[in-house]
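Just so it is clear, A, B, C, D, E and F label the chains in written order, and each chain counts residues from 1 on its own.
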Amino acid sequence: MTAPSRCLYPGSFDPVTFGHLDLIRRGIALFGDLTVAVAVNPSKSPVFTPEERVELLRDQLRGVATVQVTTFRGLVVEYCQRNGFNVILRGLRTVSDFEFEYQMALTNRSLAPGIETVFVMPNERYSYISSRLIKEVLEGGGDVSHFLPREIEEKLRAKLGKPRPAPLQPSAEPRP
Amino acid sequence: MTAPSRCLYPGSFDPVTFGHLDLIRRGIALFGDLTVAVAVNPSKSPVFTPEERVELLRDQLRGVATVQVTTFRGLVVEYCQRNGFNVILRGLRTVSDFEFEYQMALTNRSLAPGIETVFVMPNERYSYISSRLIKEVLEGGGDVSHFLPREIEEKLRAKLGKPRPAPLQPSAEPRP
Amino acid sequence: MTAPSRCLYPGSFDPVTFGHLDLIRRGIALFGDLTVAVAVNPSKSPVFTPEERVELLRDQLRGVATVQVTTFRGLVVEYCQRNGFNVILRGLRTVSDFEFEYQMALTNRSLAPGIETVFVMPNERYSYISSRLIKEVLEGGGDVSHFLPREIEEKLRAKLGKPRPAPLQPSAEPRP
Amino acid sequence: MTAPSRCLYPGSFDPVTFGHLDLIRRGIALFGDLTVAVAVNPSKSPVFTPEERVELLRDQLRGVATVQVTTFRGLVVEYCQRNGFNVILRGLRTVSDFEFEYQMALTNRSLAPGIETVFVMPNERYSYISSRLIKEVLEGGGDVSHFLPREIEEKLRAKLGKPRPAPLQPSAEPRP
Amino acid sequence: MTAPSRCLYPGSFDPVTFGHLDLIRRGIALFGDLTVAVAVNPSKSPVFTPEERVELLRDQLRGVATVQVTTFRGLVVEYCQRNGFNVILRGLRTVSDFEFEYQMALTNRSLAPGIETVFVMPNERYSYISSRLIKEVLEGGGDVSHFLPREIEEKLRAKLGKPRPAPLQPSAEPRP
Amino acid sequence: MTAPSRCLYPGSFDPVTFGHLDLIRRGIALFGDLTVAVAVNPSKSPVFTPEERVELLRDQLRGVATVQVTTFRGLVVEYCQRNGFNVILRGLRTVSDFEFEYQMALTNRSLAPGIETVFVMPNERYSYISSRLIKEVLEGGGDVSHFLPREIEEKLRAKLGKPRPAPLQPSAEPRP
C-alpha cells in the first residue's frame, strides 16, 4: 500500500500574498495537512528576513491546525527527502510560469524520482499578482490592499519607508 | 478535519498509451487510490467503444488493487459530485495543453468550487505522444511500439485494418 | 487633423456572453460610440440565426444610446471601408488568442492599411469563458448562469433542448 | 565520414505561397539541392489536386536546377528512408507552429532516428500568411496579391469561383 | 455622454526606435492626439537621461502638432489620474510581451478602474527590435541603421564610445 | 551552384552539457563538419574562462575529426562573415527559447542576409537542462551526473568548492 502523501509548499513568500494563501487552502483541502517552507536564499536580497516571513505566514494561518511553517536551505528535494515529504505543491498562473515550473519539476524528478510536483491554479482574482509586483506598486505610491492582508501591507510599508497614500479621487468607471 | 481526497482521472483513452499509464501510476502514488473514467462522448467518433476502452485499461492495470476503471457521460464535475470525488487529475505536457486545461479547470471550479483539478507532468519520454498522433502514425504505416503496449497496438491495428509493417532497414544513427 | 475614430466590434456572438458585454462597455468608454457586428458565416453551424443574435445583443444593450448592432458578410475590413469604420476592437485573454489575433490583425492591415485593430483585455472574471465552452457545459447539464445573462441562457436551453437542471447539492468549500 | 545531407521539404502546398518560396530558397542555400514533396492526404479536401499543386510549384521554380518537386503518401519519414533523404526542412513562424512542429519532429525522430528535422524562419514579411488564410481572404472578396504569385492567385480564383474584385477606394493612411 | 479619450503612451524610450515611432503614429490616428511619457526610473541605468530621451523624441516628432512629450515618475496610473488621461497605449509584439503586459494591465486596472490599457501591433518590420537589442548590436560592432533614425544612432554611438564600423563586404545572398 | 554550407555553433558553454554534445553530433551529421564557438563576453561572470571552456569541449570531442572549437568576441554574424561561415546552428527546447531565438535570428538576418540560422531539437532527455540550472543544483548540493560528463562535473565542483555529496538513501519509486 502507498503511504499517505505529505505535502510541502516551498517559495520565497517575501511577503505572503492573497494568492499564496489561496493556494495554501487548496493544498490543505487536497492533502489534509501542509507544510509551508520559506526558502533561505543567501544570494537574493529579500525585504523580510526568513524569520520575519515565517512570522507573517504564521500570523495569517493562526488557528489552522493542519498547517506548519518552516524554512529550508539548498535544494527543495533534499529537504523533502530528509523530512519525509513526497509531494511538492506549486501554483500555475501563466504560460511563463508553466515553462519555468516544467523545467524545475523535471529537474527535481531526475534528482529524486520518488517526489512528485503537483500544480494547482489559484483563483483567477489572483492570477496576475506577485510579491515582486506588489513591491513595485507600493514603491510607486499605489494601493496594494487588494493583493495582500492589511497587516502585512503595513509591515511592508514600514520596511520600504512608504506611508499609506491619501486616497485618489475616484476616476469615473468606464461603463455606460 | 478535511476528509481524505478521492481522485478521478478522466479522459478519452482511445486507446490508453504509455503516457496515460505513467500518469495513472503517479496519481496512485499521490492519492493512494484512483478511478480512471472513460468519457462517453456521443459526438466524437472513437476507434474503440467505451466498453472496449475500459477493457483495455483494466487489462493494463490488472493486479493494481488501488485503481478502478469506469465510464461517465456529461460533465466531469457532475460525475464527481454524484460519486464523491473531490480531485480531478490531469497531465500537462505543453503550453497548448496548459491553456486548454487552465480554461477547463477554471470553468469546472466555477461549476463546483469544492472540486480541485491537480496537474502532474508525465515522464518527458511521453511528452510528445498522444492517442491522436499514434493513430496517424499507424495509419501512415509506422511503428508505434514505443508509444503504447504491444497488445493494444495489435487491437488498434485490427480496428484500423493495418497489419504490422515489415521492419525498415535501419537508417544510420546521426552520430559521429 | 485626424478624423475621429469610428469603432467596430466584430464577432460571432452565438450567443453574447458577459465577456462580450464587458468588452462592449470598454469599447464605448474608449471610442464614445461603438457598432457591434455579427458575422454571417454560411460555412459555420451556429445555434442562433444572425437575426436572433442581433436581437439578443439589442435586448442586452437597450438604453445604451451609443451602441449599434448590425450584421456583416465577408471580410471585416471591406465592411469597415464601405461603412467608414477605421478601428476594429478585439478582446485578448490568452496566449492562443494572441497568436490568432496577431495573424488576423496583420492580414487585415495588409488588406487595408488605414484600419487599425486595437486590443483590450476583458475583466479577469471572464478570462476563461467562451460561447463554445458555454454550449458544451450546458449540453453536459451544467449551470452557466455565471457566464451569460439569464434570459439568454433560457433561450439557449430552449434551442438545445436542455431544461434547467435541479440544483446540485453543494459540495463542501475547499477551505479550512 | 558523413555522407552529404539530402533535404526534403514536405507540406500541403495548397497552393504554394510566397512564404513557401522563401523557405525553398533558404533550403537550397543551405543544402545545395532540395526536393519539395507535396502530401497526398486522402482525408483532407484540398482545393488543388496533388498533380496541380506539383505543377504550380514547378512553374514557380522553373530554371532552378537544384530543386525537384514530387508527391508522397503516408509517413514522411518512411518516404525519406525509401528515397535516401536524411533531412526534413520545416518553417517556424509562431509559438503554435513551434509546439506542433516539436511534437512532429520528436515523433519522427522516434520512428527514424537517422533523419533530422531542421527549422528555418521565413522572412518576417511572410510570418503571418498561410494557404488557409489566403483562401479565407479570397473567399471573402479580398486582395491576396501580396501573399502569393499572380498566376497562382488567378488559378485559385478560378477554382473558388471568385473573380478579382474591383479595387477598393483607398482608405486614408493612418499616419500624421 | 462619454468624455473624449485622452491617451498616454508610457515607456523608457532609451532611445526611441522606429518601432516606437510606428506606434506613436498609430496612436495619433486612433485618438487624435497623444502624449508620450518617458519613465524616470531611478533604479535603472539608462544610457540617456530622461531629458535627453525627451529631446530625442521631440526631434523626431517636430511638426506633429498632435503629440506632446513629457516625463513621469512612479506609477503610470497615478500620473494618468492627476493629468486627466483615461487610455494607456502599449505595443504587442510577442507572446512574452503579451504575458507581461497582461499582468501590468490587470494590475493597473485594479489600481484605477477608469483607465483602460489598449494594445496595438507595430508593423511586422519592427516586430523583433528593442532598445536593449539595439544597444547590444551596436556594442558588438554591428550596423543598427535599420532599427532607429540615423541621428539617434549617432548620439548612441557617441554615448557608448562606438564609432560607425567600416562597411562589411557583402555576403552572398542566400538565393538561387 | 551553391557553395557548401559551413556551420558555426555559438554559445557560452559554461560548461558544456550532454544537451550541447547532443546538438554538436546532430550538427556534424547535417553539415559534415562543425565549428563550436565559445563566446567571450566581458560583461558576464562565467565560472570557467573561455580557454577552459574550449579545453573542456576539446576533451569531450577528442577523436572527432570533423569538429573544431574556437572562441569569438562581439557579434556572431561578424565572426561568421570574417571566417566564411554561412550557417548558425541553435537548439530549440521551449517556447521561451523559441521567442528569444526568433528575435536573435531575425536581427542577425537583418545584419547579414547571407547567413542562415537553423534550429534543431535536442533529445527530449535533455529538453529541460541548462548550464545555469546545473550550477544551481550543484550549489544546492544535488547530483548532476545525469546532465553533464563526469570529468566536467568534477571540475565544476572544484571551481564552486562543492565536494560530491554522499548518496541519498533512495526514496521509494512512485509506482504501484
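In this text, a residue touches a chain if its C-beta (ideal position, glycine included) is under 8 Å from a C-beta of that chain, and two chains touch if they have at least 3 such contacts.
Quantities reported herein were computed from a predicted structural model and do not represent experimental measurements.
Chemist: Out of curiosity, which chains are bumping into both subunit B and subunit D?
Modeler: C, F
Chemist: Return the chains shared as contacts by subunit C and subunit D, ordered by label.
Modeler: Where subunit C and subunit D share a partner, that partner set is B, E.
Chemist: Are the interface residues of subunit A and subunit E largely the same numbers on each copy, more than half shared, or largely different?
Modeler: different
Chemist: Which one, C-D, B-F or D-F, has the same contacts as B-D for more than half of its contact pairs?
Modeler: C-D
Chemist: Quick check for the class: compute each chain's Cα centroid; which one is farthest from the centroid of subunit B?
Modeler: Looking at centroid distances, E is the chain farthest away.
Chemist: Give the rotation angle, in degrees and rounded to the nearest 5, that superposes the C-alpha atoms of subunit A onto those of its identical copy subunit F.
Modeler: That rotation is 120 degrees, given to the nearest 5.
Chemist: Once you find the CA centre of subunit A and the CA centre of subunit D, what distance in Å lies between them?
Modeler: Their C-alpha centroids are separated by 47 Å.
Chemist: Averaged over CA atoms, how far is the centre of subunit A from the centre of subunit C? Could you give it in whole Å?
Modeler: Roughly 35 Å, centre to centre.
Chemist: If you average the CA atoms of subunit E and of subunit F, how far apart do the two points sit, in angstrom?
Modeler: For subunit E versus subunit F, the centre distance works out to 34 Å.
Chemist: Which positions in subunit C touch two or more other chains at once?
Modeler: 2, 26, 28-30, 66, 86, 95-96, 99, 102, 106, 116, 124, 127-128, 174, 176
Chemist: If you go through all the chains, which pairs of them touch?
Modeler: The list of touching pairs comes to A-B, A-C, A-E, A-F, B-C, B-D, B-F, C-D, C-E, D-E, D-F, E-F.
Chemist: Could you please specify the touching residues of subunit F with respect to subunit A in the complex?
Modeler: 94-96, 127-130, 133, 137, 140-143, 146-147, 168-174, 176
Chemist: Residues of subunit C touching subunit A in their complex?
Modeler: Contacts found on subunit C: 25-26, 28-30, 64, 66-67, 95, 124-125, 127-128, 174-176.
Chemist: Show me the residue ranges of subunit E that touch subunit C in the complex, using the header's touch definition.
Modeler: On the subunit E side, the touching residues are 1-2, 4-5, 26, 28-32, 66, 86-87, 92, 95, 98-99, 102, 105-106, 109, 116-121, 124.
Chemist: Once bound in the complex, which stretches of subunit F touch subunit E?
Modeler: 2-3, 74-75, 77-78, 81, 86, 95-96, 99, 102-103, 106-107, 110-116
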